[in-house]
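Shared between the two complexes below is chain A, which pairs with chain B and chain C, respectively.
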Partner chain A sequence: MDPSEVEFLAEKEMVKIIPNFSLDKIYLIGGDLGPFNPGLPVDVPVWLALNLKQRQKCRIVPPAWMDVEKLEEMRELERKEDTFSPVPSPYYMELTKVLLNHASDNIPKADEIRTLVKDIWDTRIAKLRLSADSFISQLEAHAKLDNLTLMEINTIRAFLLDSLNCMYKLRSNLQPGSSKKQFTDY
Partner chain B sequence: MPCDRKPMRYGHSEGHTEVCFDESGKFLVTGGNDGDVRIWDGLDDDDPKFITVGEKVYSLALKNGKLVTASSNNTVQIHTFPDGEPDGILTRFTTNATHVAFNGSGSRVAAGSSDFMVKVVEVSDSSQQKTLRGHEAPVLSVTFDPKDDFLASASCDGSVVVWNIEEQSQLIRWPLLQKTNDVSNAPSLCRLAWQPAAAEFLAVPVETKVHLYERGSWNHVSTLSDDLLTQLVNVVVWSPCGRFLAAGGVGGSLTVWDVSSKLCVERQKHEKGFTVCGLAWSPSGSQLAYTDTEGCLGLLDGLGSSGSSSAAKDFDDLFDDDDDRPMDEGLSDGHSPGKKPHEDDEDEDDFHVPATGRARNRGAILDDENSLDAGSVTLSRDKYDVADGGAVLPAAAAPAPPLRPAYEGPLPTAPQKAFQPGSTPAHLTHRFMMWNSVGIIRGYNDEEDNAVDVEFHDTAVHHAMHLTNSLGHTMADLSQEAVLLACPGTDELASKLQCLHFSSWDTNKEWMVDLPPGEDVRALCLGRRWAAVATSALMLRLFSIGGVQREMFSLPGNVVSMVTHGEQLLIVYHRAPGFDGDQALGVQLLQVGRRPKQLIHGEPLPLSPRTHLAWLGFSAEGTPCYVDSDGVVRMLNRSLGNTWTPVCNTRETCKSKSDHYWVVGIHENPQQLRCIPCKGSRYPPTLPRPAVAILPFKLPLCQTSTEKGLMEEQYWRSVLFHNHFSFLSSSGYEVDEEQQTRSQKEQQELLMKMFALSCKLEREFRCVELAELMTQNVVTLAVRYAARSRRMALAQRLSELALEKANQMQEEEPEEEEEEPESSAGDTCHMKGDAPFTRDTQVLGSGKPSSSPAHRATSILDNMASGRKSSPLAGSVGKPNKGPVLKPLAPRPKTKPRGGLTRFTAFRPKTGFQLWLEENRKSISADQPDLEETDVIKEAMGRFRTLTAEERLVRNDEQQTKSPTAVQAVPLLFKSNRLKLFAAHWRNRPRPQLYS
Partner chain C sequence: MFITDIRKDFYEVVANQRVALLVASDIDALCACKILQVLFHCDQVQYTLVPVTGWQDLSTAFLEHKEQFRYFVLINCGANVDLLEMLQPDDDSVFFICDTHRPVDVVNVYNDSQIKLLIKQDDDLGVPSYDDIFRDEDEGEGSDSGNESEEGSEPSGKRRRFDEGAVERRIERRRAKRDWEARRREILFDYEQYEYHGTSASIMFFELAWVLTKDTKDMLWWAVIGLTDQWVHDKITHMKYVTDIATMQRHVSRHNHRNEDEENSLSIDCMRISFEYDLRLTLYQHWSLYESICNSCYTSCNFKLWTLNGQKKLQEFLADMGLPLKQVRQKFHSMDMSIKENLRDVIEESSNKYGMKDIRIQTFGVHFGFKNRFLASDMVHATTALLESTEKDESASDNFIKALDSLSRSNLDRLHSGIDLAKKKLMAIQQTVASCICTNLIVSQGPFLYCYLMEGTPDVKLFSKPMALTLLCKYLLKAFVQSTRNKRCKLLPLVMAAPKDVEKGSVIVVGIPPESETSDKKNFFGRAFEKAAESTSSRTLHDNFDTSIITLKTEDRSKFLDALITLLS
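Then we have the complex of A and B:
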């Protein structure tokens, strides 16, 4: 999966906006949205929120977890624990990216949030690499990782699977039986 | 006493903190829980010098360049000041010392300790000690007699003792305090203070009051108290001149009394409400430093300078002349009893007419958020105290005059100041001047900028505006058409009203009006095409939105708040002085516009006890609502004789006690209370931008946790919140009929559920009561339900009820027919002309009159007619309203909905009686061919009544099964003219929904 595909999925998450227009309920395949009352918060998917924001039709209310204090706490927890701690949203990285890129004026302390989320991300990816490393070096057959988000899985999937394949090939070449087999192939 | 409360700053880590001034008054010295003594060069010193004296500093005293501290290692040490060199240990105790104090000359130090002892030590020679034994618990505080003969101490054993130092003996002992076992558990630190210079009085904080004991006689001569002081007094200090006494207490109260008059001259509150535990006057007497138990340091600046006559003048100026008079008289003529009755009268008068000017003065000093409650309670108490003080203080010298009995009845409350609903207090530099359903007006008033920002929720109304506020506007209102701003008058400039009429179609988008000199705008609001302004001259002035002056009238009292909706104007004013914390408010509801009339004639506005009005407004549908400071939302119930029903208590949803909800709007359909949650405050900050939250309504009915209570609450809430339909239709506004039917259905469903529940609980009487609330066709359902659950007695009663209801309906119908021409005749002429036409279209237009082209034509005619007839204000030629919210604001242009018509649209399946009538009509008319239509029905009713209950039930059941065929039977049934209308509606009726 592409990161852009994951981002696409993330855009289905709901976010609160404060519209500055009024519109009755709109009926979409994915469900009904609205009604939109000016000045009154309403839940919409991120893709719609971004679209409205770009047309200056709304203000986005950042999700509750997108708050410096809460993220700091989370970062500390993430650093302290060896395993992955639960994340506030399954799409925390994607949401932070899209919301901060398009609606940073509606999010207080946007820069700090960006840094904090990046810190959390880096910590988690480091853990992920570390666990992949120990997985390979200890020649384990399977591993269980909790609380991973889709984006994180995707960043490591391609590389990990390819390298495992490669290693499998290399190892099977080393084994005498298979080399014999290879020999016979010739 | 006008003084400036400087912002608090961090001094020490949390815990007991003390403060004193050096003799020059230049430095502030504080000692705290972190073991440091800090020397501040004024409050703004960012880098204070510090001396570390131990792990903790329990107490400190400074005189003659010597700093004495009681620190944690059970010693009392001396350091030089300001260098901070250690200068030896003065004395030791077996446990820590709790309080140290210098005598007047600085030659001796007294120290009290937790080991129950008080020691008096010569500073020059620490071997010369005197030990005062006798306390039975840790010593709380010590103080020297300025003449050096005596020493007073307070202890945890509950006693305050005066010692003779030389004889080391107890002179007198007062059991005044609460007993505790340790200083840390003592409710109050009870820091005593002896009046400097004259040394006449010893001040002892006793609970919420300060007792003054006279030196020598040791009599309790007077008590200083303040009604606002509800928590314990911790520490008292005398001003250097000995004229004022300051007290700091638990909960952060700071109070200053003028001792000679016993008047409370200053009252401040710690900004965070932390307990004040250290207090010190500067040597000049103009500053009062204080510290709290959280280690913060604060300063009150600009207090009257010590004893100088100018200071006294200042205090006098604070009060109006009429206040000084009784005081003067009390002092000069206090002895002559002949003077008394006159004085009584005067006070009586003052009492009935609280001097508002003075109250405002006091309100301005206390600029904390609760200032509204503050004030004249104490003022009147002050007044009585003045008389007492006048009598008591000279009493020492002269024979005592007869004392006037102290007044102990209810005391008047300070009248609440006028406010704009949806605004935050004016003293804030960044504030909301208005937050309503249209938009937000923010006011900025700081060094850089004095500006007003107008922003619309719906950007389609108008773009955001930024105005420089050169006139100093403090009040604002916002509507779909205009922004209205007003500023209070100054000495040179009159109070001004400015209107930015952005929806005007000409090029002049702004107008301004000066009020007559001496008249200030107190409240303002924007209606539809008009504006209203209430002024300090108890006047209400109406303006058109274009700036034409219109009607004006006098208000019965000082306005508190004022709001409008469409053509309605709601005014809340002070009816009379309130007592014991209550406000006595009155309310007027007027209709301004085409048919001006008063709907509520100045009736009292019910508020929760000891609260004030916090918000006033209309729901989006036009029902008056208000919120009191306890967070109770009340709504006008027009169907119950204009009474007020509480519909929500916002405080119930608050997580913490200091959280509040700041209401910005109310919607009845859907039921929404729009408000801004404020964490730890009453008002939201402008930044970060607060988000609106929605609270549900809940009527405070009993036992809403039970199923019955829950459904009752839902039912009555639904009834209350759909009252606006009848109001809107009766005053000629457009009504969402679909919504109305839906709400009626919802109510009936709830009734049916309650009915079923009562049935289950075998409460048959209750079932009948509920059935009485139902509409006739739902009653028939109830009959079936009862029959099925084998409650024949109940079923019979219900079917009687159903019949009764059917009869009522039959009777109502002709009445309504007759009423119709009357009501339209009473209306304006153009309405009358339209009436027959509109009725036709209503019937032909298959229940959707708005879609018929014929209608559009009439609406245009209508508008033109009204435009010609009355002033352009009343017409509705302006731009059409888009928002669904605004619909009720627009007078319905097409038809005058009549009660009969709207009621017909509600679905009405046929009753058992009607079915029976169908079948038996022929036989009746055969029997008595000469009967009129009405007589036929009467006859039929008589016959139907003679049927047995079972037979009737069959009819009712049939009615359910037969309803499709009933449609064909309709023309047969409704032969008479009178029922034709019904028939037309019957065909278009919504299909009845069966309750499962």
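Then we have the complex of A and C:
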């Protein structure tokens, strides 16, 4: 999967906006949206929020978890635990990037939030690498992957699968008669 | 006719239509175009952008697009000529003209159906009143024929009396008509004699955005750049510049108050515009201070840096301020912080001693991100250099698009390449000015000064473009006024000619008004060039939107000049 595909999936998340125009309820395939009234908050998917923001038709309200104190707590929690801690939103990384790139004037303390989210991401990726490393070196059969987000899984997926494939080939070569010569690609 | 409610009469009319944007090639037009483009993007209005460099371009573009478009928006072109006569449009074409060129042609002002002017009416236009110029011909005829029919129905006895009365009245009418026509010619001559510039087009469009409450900091910055372009290229008076700066300052404070808050400070990447009372040294923050002082018109002319004495004075000036030469020759960013902190005040103090009272000028600066700080005049110079770049294989519309792109915040490398080109252009201008003054290339022809750049002059290709040549012309005149002892020559205007196209054998001729403190920047050379060309039947092309810039065949140069001298003396 391409990171841009993951970002595309992330844009389905809902976010609150405050429009400055009025429009009746719109009926889309994915669901109903609206009605839009100037000054009243309404929940819309991120893709629509970004489009409206670029056309200067709304103001984006940062999600509840995008707050300096909450993110600091999460970062501390992440650093303390060995396993992955619960994540603020299943698409926290993509939403941060997209909202801070396009709507940083609506989000207070945008620079600090960016740094905090990056810190959380770095810690989690480090844990992921460590666990993948131990998984391969100790030849474990299964691993626990709760609280991982799609973006993090995506960063390691290609490498992990290829390396497991290689390991399998190497191992099956070491034991010549025992396994049937079948090479399945994952 | 003049539009009063720009939102109702212009924007809401075009918002549902496809529009053709015909944009002239100057920075103010580019900025206005950018603002309008963003507004159109917000409301998803379909438009076609056509850059035009002159009247011929405009006519061609109109002919190409008149089938598909009903609404045309002309930016910085079209107001000073009878547009309907030139383009011969169909009756349903509507032209919205936002142009800084004055005087606005009277036909454009009084046409109610097809020409809509996006120009503020309090802009000291001085348009003659309708009755002074236009008269219904039918009135005269109607009363005449009415008399004749009366004559027929009356018995013949009274005919002679009526005849005499009718003849007298006819003679009266004819005399009144001749008087009226003579007065009309005089009024029109006075009105159209001088060419000057009005409020910047980008400020007009920014105010449209403001009325629509869609104004952003980007648009405000472009409006500031448009205004600064008018000042850098000497199109408006100092008073007008200061007044417009005050208007812009109100908008800037409004935007700054909207977003800044003690606890929720804005991200460093957001654009911040600030009012600066900054130095008049061109591009000094992107160059070294020394280079900037040597290549800015104001300092170079005041120190007379083409003379040895001038160089010595410059060294004294730097020593007076306590700036070591090594620091001053470095790139500005790498200068010591201790020097940079009070630089402006230190320079102002010292320059007062050397007779430069206005070394500081009111302007605006922008900064976004940690590295990017620009002054409005930096942007103007960079974009002009890109717009008129003389690289091979680049058409005028390519340059237009590159210059337009460099105005966006995301195209910083283009902007930096523009700054480099601008530095080269400024150095070329200074060297040309120095050589012209030292070799006495400026000759007084009586009513004006004249200078011709030979083909072999270094960088003469740069000066085949109108804006670069005009800038050179202005700097040259300022330098000449400083260096000559002849009091009469100081009050003369300057006409400058430079080779435009060596293969076709054409030269570009520019005329600028005389240099003075209280100059109102009104240029009479437009009409003068036209008359001189007519009287000598020289092969000229009055293609530029500024009528004081024409193209002429090299062979006709001398007779054109003689005609101009006789005309103006």
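List of remarks:
Operating definition for what follows: the second predicted complex is superposed on the first by the 175 of 186 C-alpha atoms of A that agree within 3 Å, B and C clash if a C-alpha of one lies under 4 Å from a C-alpha of the other, contacts with A are read in each partner's own complex, and residues count from 1 in each chain.
Everything below uses one rule, namely that a residue touches a chain if its C-beta (ideal position, glycine included) is under 8 Å from a C-beta of that chain, and two chains touch if they have at least 3 such contacts.
Note that this is a predicted model, so its numbers are computed, not measured.
Judged by the touch definition given at the top, the superposed model places A:Arg55 against chain C, while chain B stays out of reach. In the superposition on chain A, contact is made by A:Ser22 with chain B only, not with chain C. With both structures placed on the common chain, the touch criterion links A:Ser137 to neither chain B nor chain C.
In the superposition on chain A, contact is made by A:Leu100 with chain C only, not with chain B.
Between chain B and chain C, B touches the greater number of residues of chain A. Of the two partner chains placed around the shared chain by superposition, neither chain B nor chain C is touched by A:Ser4. Judged by the touch definition given at the top, the superposed model places A:Pro108 against both chain B and chain C. Residue overlap on chain A between its contacts with chain B in one complex and with chain C in the other: 20, 56-57, 108.
The residues of chain A lying in touch with chain C in their complex are 20, 55-57, 100, 104-105, 107-111.
Only residues 41-44, 213-214, 216, 259, 261, 263-270 of chain C touch chain A when the two sit together in their complex. Those residues of chain B that touch chain A in the shared complex are 437, 439, 456-460, 674, 688-689, 691-694, 882-885. Taken in their complex, chain A has these residues touching chain B: 16, 18, 20-22, 24, 37-41, 56-57, 59, 61, 108.
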